[in-house]
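Please find the structures below.
In the two complexes below, chain A is the common chain; its partner is chain B in one and chain C in the other.
This part shows the complex of A and B:
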């Protein structure tokens, strides 16, 4: 039994790492920011953490905190231009940001190892650390969702004009969401660095961006459980059906098209909405029958 | 030397124009960012290569590439966008949906080409160099320039001088009003996607010939350049995309020639970021980058 579980430990680690990134993407989308910057911010965090430990000899926990800080600060800087843009323009600007990070990464080879990547990072993060990080992340997201902040995010996402007229500052809330998302991406980038011995610049490129987006979209963008469901399904799918592992990107592509067209709210969100609607209609039917008996009497 | 670089840049810019005009045409008509455009571009290059390899003449390969890329683009519209257009939240959905299409097309070509880089046979375009005023121009560059100018002119004639072009511009302006006066929007969209795909396919063949390095990843950098170009020219504006392509082609060539190598990409995208920050509508775009959204 333990042997079977041990065999799946790397997959579980990967799940926890990607879940954190997925939440980073989920949070900005939830606040109505159409940003794809998570990949770039994760690269910033990963390299900050890696360089601090390898070149400067920082202890891993300190480097982890600083990586989160770096992600948050870069996100803060990025949020200033993003606040002036909307929709597609935000998406394009953040894709440009990812490209800038990627090419600077390759250019500054003295610092980052360039195309060869950063090697020899001591492995200090195991499943237990990742599990603790995962639980803390979900807890943080849950707290945000159920606070005034989460409700403000929802209002902004659904209609900016209405939110503004209710006295919710769009710029302030979106900036805050973006900073939290950046710090989260930074921390998880560093966790990935401390988990896998080496970093390569291409690791945080287009494939990474698409995977993270696919997790959030498949699972659902508006409930806390969405990213968990999406990440689990997309990571388990190639494991369950081995032939699919060859065509992982094909499967991701087809799923993206199908989910966006036929299940635009994602799997978890759609199920939750259906359950809610059923409960509501059941309650309505009950009160309806009560009402009819009342009029009959 | 500078003049030579500018000339090279102009030629590259012409090819970028083929790519970016199609990209921007779709954005102009539907407000969708078609991320599968790079994959359509790559399809053009592969179709031309396999036609030439099977013994066909290059011109046949070029025509086959244009037609198949155009049809692929129409297919993308039907599969990825048609349902989305009717739902409210299409802006976000279209990006993801076309990203999915791009992944599918890339995987298929990866299988067909067995992840290999393929190259046109050496003498597909004879190596002839013309010299004048101290400049060097190869036959290939002449072909690229002529093809780009002719194709763009055909497209401009189609859009601005035919009844179909009026329909496209009517639908771009206001879909409901156009439907009221009897324009079939679905047919208009299909034709627009065909034009867009055909332009991308033509660009794919020309790039394939120029750099002779055809692989399943080749669309990605052009898609990113396409972003930069349509931001510079203004999202949705065809003349803007044309002008921006030429500026971009020359700017890129100069950056490669005179900036430290490896910084070109960072330079291009930083410039693009700056444009977004200072003038998000680009050279000829409409005012809309910062409008508040009120969806659903």
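This part shows the complex of A and C:
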């Protein structure tokens, strides 16, 4: 029994790492920013952490914090041009940003190891650290969701003009969402670096970007549970159905098409909405019958 | 309170407002009436900063508001109840109201959720329900309540009667009358001219982007020429 569980430990680690990235993506979407920059910001964090530890001999925990800071600062810089763009243009701009980061990883070979990647990173992060990070991340997201800040994000996403006319500063809130998302991506990038001995320049490329986006779209964009469901399903599916592992991207694509068509708000969100609607109609039916009884009496 | 001078607004070259001048005194209810496409919503959205003015000025309480951002304008107490309610349907009634308090930004308010519930008791009954599940009239009440939570010194109402059943319209207007009696300064846009003239002290008639008439509401309502020309719906009845 223990052996079977141990066999799945690397997969569980991967799940936790990707879950953090998924929340970074989830948070910006929640605030109505159509940014795909998480992959690029994760690369910034991963290389910052890796270089600090390998070349400069920083202790891993300090490097982790600095990686988060680097992700947040780069996100802040990126938010300035992004605030002038909307919708699909934000997506295009952030994809361009990812390309720039990936090119830098290759061309700045003195710093990043270039095409060979950054090797010899001591492995300091295991399942326990990732689990703690995961719990803290979910807690942070939960706190944001249930605060004034979360409501302001929701308002902006649902109707930017009305939110603005109610006193919600669009620029300030979207910048804040972007910085938190960037810091999160930076931290998880560094966690990945400290977990896997080496970084490859293409690791945070297009495939990674699509995977992260797929977790959020498939699981749900508006509830906390969404990214957990999406990441779990998309990571576990190829493992459970082994023959599918080769065709992972194909499976992602098919699943996304199915979900967008039949569960447009993602698996978790759609199910929660349906449960809520059922509860409401049950309550209304009950109050109606009470009213009828009352009239009869 | 509100002073608009010679305001001109264009959308991609098409002129929506031409030299509009208008004032609303403190504690006054002013109606802005006119046909579809006259520029009524454009005017309110320009005051709110959602649309920018090509020329002219907007002053509120003596302060220049012409080029402020929308969230700054609402933070200074000029709040809009948008056309078509626009409540946040995924949030509960209470959350919608709490969001309305964002505009306070430290300004004192003598009004809280309890007062909104007193004005619209149905909202208290539905406070934990999602706003999207409310009827149109309840959503309109919520939209008004949400704006009140931001302690407006000037309340802009865009077509509060739109798409509502007559009995619900009279409930909404009864609440507006209560606000008027409490001294709220209101600029009201309405297509239903009879209702608007009945509630307001003064009125402006906007047609094709120009103010074509203004005066005391009672005088305008009594003027047969005005009724026949600009308030056609009522003249036919």
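One rule holds for everything that comes next: the second predicted complex is superposed on the first by the 297 of 297 C-alpha atoms of A that agree within 3 Å, B and C clash if a C-alpha of one lies under 4 Å from a C-alpha of the other, contacts with A are read in each partner's own complex, and residues count from 1 in each chain.
Methods note: a residue touches a chain if its C-beta (ideal position, glycine included) is under 8 Å from a C-beta of that chain, and two chains touch if they have at least 3 such contacts.
Here the structure is a predicted model, which is why all the values come from computation and not from measurement.
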First, second, both or neither for A:77, with chain B first and chain C second: neither
Dominant toucher of chain A (residue count), chain B or chain C: B
Partner chain(s) touched by A:161 [first = chain B, second = chain C, both, neither]: both
Touching partner for A:253 - first (chain B), second (chain C), both, neither: first
Touching partner for A:61 - first (chain B), second (chain C), both, neither: neither
Touched partner set for A:217, first chain B, second chain C, both or neither: first
Partner chain(s) touched by A:122 [first = chain B, second = chain C, both, neither]: neither
Chain A residues contacted in one complex by chain B, in the other by chain C: 158-159, 161-162, 164, 170
Residues on chain B engaged by chain A in the complex (per definition of touch): 27, 31, 33, 79-80, 83-84, 87, 89, 91-93, 95-97, 99-104, 106-108, 220, 224, 227-228, 231, 235, 260, 262-266, 269-270, 272-273, 276-277, 280, 289-296
Residue numbers on chain C that touch chain A, as the complex places them: 48-50, 69-71, 73-75, 79-80, 82, 86, 88-91, 95, 98-100, 102-105, 129-130, 133, 146-147, 150
Chain C-facing residues of chain A, complex: 148, 151-152, 154-155, 158-159, 161-162, 164-170, 222, 276, 280
Residue numbers on chain A that touch chain B, as the complex places them: 32, 34, 81, 84-89, 91-93, 95-97, 99-100, 102-104, 106-107, 158-162, 164, 170, 206, 210, 213-214, 217, 247, 249-250, 252-257, 260-262, 264
